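Two complexes come next, and they have one chain in common, chain A, joined by chain B in the first and chain C in the second.
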Partner chain A sequence: MVMIFTFTTQLSETTQRAIYTSTMIDYMDQAGTKINALVALAGIGIDEDEVVVTADSTRLVFKTMWSYDNDVLTNAEHTIDLSVETGMSDLGNVITIKQDGALLSNPAYVSYIDTYIDSLKVKYYGYILYVESMKFEYFDEDDNLTDEEEDIRSAGIELTFKRDAVGLVSRPLRTSLYIRCFFMNSYMRMGV
Partner chain B sequence: MGRAMLIFVILMTTIFAGVLINLNNKLSEMPTVLVRNTLMREAENVSDFALRNAIRNANSAAFLNYHLGTPPFTDDVHHTQVFTDYKVGNCIIDSLQYSFYNDEDHYEVGSYVRGELQGIKVGRSAKMAFDYPFQGLSSRPNVLYLEMERLILTGLLKALSDFITWLIPGAAYNNDVTDTSGNNHTTTIYSEALLAATIPWGGAYSRYCVPFLGGYEGWFDLFGATHMVVARDTTVANPIQTDSSFSLLCFAKIDNAGRPGHVNEQGTLLWIPSDPHSNDLKNKPSAAIWFNQSDKTMHFTVTQEDETMLDLSVDHDSYGTRSNIFSWFFSIPILNSNLEQYPWNSYGLSYNNGILKGYINGVRVGTVTGDAISAYHSEYGMSLGRRDIRTAGGGVSKYRYFLGLMDQMGMHDRALVDSEMQGWHNGVLHPATIMYVRD
Partner chain C sequence: MNMMEMVLALFAVVLFSSIALSYNQALWRQTDYLFNAQLVVQSNHLCHAVLDEVDAKLFSDQITFDDIIPDFDSTTRTVYIDSQSETYNLAIAATVCDSTGTILPSGSTSLFRRVDVTVSGPTALKHPVTMNRLYTRTFM
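On to the complex of A and B.
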């Protein structure tokens, strides 16, 4: 009897962890796609050496002529601020995306993103949830690590997500993703 | 003992079966995750494929000739390829969009793709632009914008064109003055003047402008002096109306010498009449930009709803001794070499609830403040090149025809701020281009 109980419980937990891991990977994949699409806007209409405003290990601020909030190209420069905020959600830390200092607010745009990535469900505009940490490193055009804002042509982003599985609160699941986002618009301008 | 064991086995089997069913239900979600990820990757690749095709088409002379005509293009050209069932794997390419700004080297393309697999749906769009001007993307006057990017036939040439069309149906020349604000206002040129000149100035993308041969009784004025009228159309999304906030804009080269015999009659650029039938209001436009030849002053005028006229007058003699653009052979005007040497000047007017501002070449040249009320509501559209006066008497001098060239005439439904006026001026003369990719 003990063996059957143990086997059943173990099977249940293992399966639930597998399920939650897969859904987290799915969520993480979509979050990575979203961040990659966001960083791809960097430098639209901006001189390549003026694109990055702030390049910290936990925060990236860049300039673009694309209004992310309205999803349209404009005549004005915008700053996009990508960082992790703590204590803003019950669902872990969140990645906030600010445009010109303000959190994204356009529900139409968020719904567009929902369509774009299909089932990405974000509770707060511009937020990506379940985040434990986000770390940046930066590279120049020759893929050498750099801290000089004017030399940055790509960013490596390591995302770590943490989520408590149902019934397994004491044993949270962690999944990590490393994505390399290239500032293609800066490269295009360099080629002129 | 045996009965107890049987009950226990049944109980355990039931529990075990319940757990398995529960796990099975949850495990069934796994393929959904996999399907979505697979579909997203596929859509990404198909999007790249579609965008590649769009760029290739945009660089294909055969494609452009077939769909858009032979470059160079006149106007801001847009074309959408819509596909009904262009399937690539599990994705469908819905459409490719092309926008060209005057020629084949300045373009923006976009692709729209969607995918569906086992009930999971994804959508994806991508855009790429090469040397596409910002002027073509935004900041376009949203009430009226006459960019004059098409050769317009007038007078005898138009009559000849009409005759050819009559002989050969289908050979009609597109003689519309295009309103690129999106409102498609109808514009009529009253003239027996020159054909609209092919003037390669006025901005890198401006090939044409309108020569206004002010005056009357000239050799070319068989059917009336040159001017244009934009009919008021309340059915469009953004009709011409003078209310509490709006802006007027245009570029011009003013012939400072004036027409012989009518020197002091210069010259009306843009004129929105308040009430052209009223003797009291005929010279009080709801809004106007006009030049006074006799004292070389530029005027920015708005009549308010209480019939108070605000007028900003500033000295303006930008061409100095190089005064004339047209030389005259008897009454026949001939564009002379000064035309090439004279720079284009821009003129702007903004009105915001009692505050009138005038701009020359993007720089604010003055402000006049009245009561914080609306401008006089006009219902007569806009006249370009002469005043819209419909009262009897007064001779032709009352119209104050314009002599010179005009281009990029427009109207906004709001008061532009200083930086926007400067931006518009710079954008027309030196359009900033952009290349970008967004996928």
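On to the complex of A and C.
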């Protein structure tokens, strides 16, 4: 009986970890692709040394004339704010992407959270979920590390995801991904 | 319990243990594949980063089309990712190719260059990951 109990418990836990890990890997890949797509359109219509407004180790703010909300080129400057916020969701920390102070709702760049308010299901857009941390490092045109906003031409982003699987709350699953995003429009401007 | 019952009980234990072991082995193999999948995703992003760097430097005129091979061919890089405690080795090859990406003999006249990035390193990465991109001469 002890053997059967131990076997089934272990089987159940390992299966759960496998299922949750596979979804996390997929989610992590999608999140990396979304952030890369976001940064690729930074700086459209902006001088290359004015693209980055704030370059912290946990937050990136940049300017562009591309509107991510409906994926069109506009004649107005937009400010995009990429940062991690805590306490926004029961699912862990979230990455918020704001355009001119409002959360983005375009699913090409963000996921959404289903939340219940008075039994009504409400979708909260503007998040990348299951995040534990996001760390930025910045590079100049010669790939040297820099923290001078006007010199930044690419960003290295280290994303760590954390998820509590059902029955494994005390042993969360962690995955991480490092991506390098180039401010392509800044490079194009340099070549003009 | 007579001898026959004892033997049957023993067989039952052996049978159950064998089933348990084979299930466990299959699950651990599955876990291994998942870990490999995670490393493949990371390797893909590292390949993309190098290929994007070539694009970016062409855009900015830091390099010209003719510099792709001398600047990138047979170069290697090492990337250590702190959060994973893993070291990835990148091998870059740049070659002359035709419009379909077929490699041509060195020195051939062509409007196309192909850059291949191969990532290896972590023990759990079962096979090296390779990605390539074609670059076209646009100003003549």
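Note that the second predicted complex is superposed on the first by the 173 of 192 C-alpha atoms of A that agree within 3 Å, B and C clash if a C-alpha of one lies under 4 Å from a C-alpha of the other, contacts with A are read in each partner's own complex, and residues count from 1 in each chain.
As a convention for this text, a contact is a pair of C-beta atoms (placed from the backbone, for glycine too) under 8 Å apart; a residue touches a chain by one contact, two chains touch by 3 or more.
Computed from a predicted structure; not experimentally measured.
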item	value
Which of chain B and chain C A:22 touches, first, second, both or neither	both
First, second, both or neither for A:188, with chain B first and chain C second	both
Touched partner set for A:141, first chain B, second chain C, both or neither	second
First, second, both or neither for A:4, with chain B first and chain C second	both
Partner chain(s) touched by A:179 [first = chain B, second = chain C, both, neither]	second
Residues on chain A lying within both footprints (that of chain B and that of chain C)	4, 11, 15, 22, 25, 29, 184, 188
Of chain B, residues touching chain A in the complex	8, 12, 15-16, 19, 22-23, 26-27, 29-30, 33, 36-37, 39-40, 120-125, 134, 137-139, 423, 427, 434-439
Contact set on chain C toward chain A in their complex	13, 16-17, 20, 23-24, 27-28, 30-31, 34, 37-38, 41-42, 44-46, 48-49, 52-53, 55-57, 59-62, 79, 81-84
Chain C contact footprint on chain A (complex, rising order)	3-4, 7, 10-11, 14-15, 17-18, 21-22, 25, 28-29, 32, 36, 141, 143, 153-154, 158, 160, 175-180, 182, 184, 187-188, 190-191
Partner chain B, residues of chain A touching it in the complex	1, 4, 8, 11-12, 15-16, 19, 22-23, 25-26, 29-30, 33, 40-41, 44-45, 65-66, 73-75, 115-119, 184-185, 188-189, 192
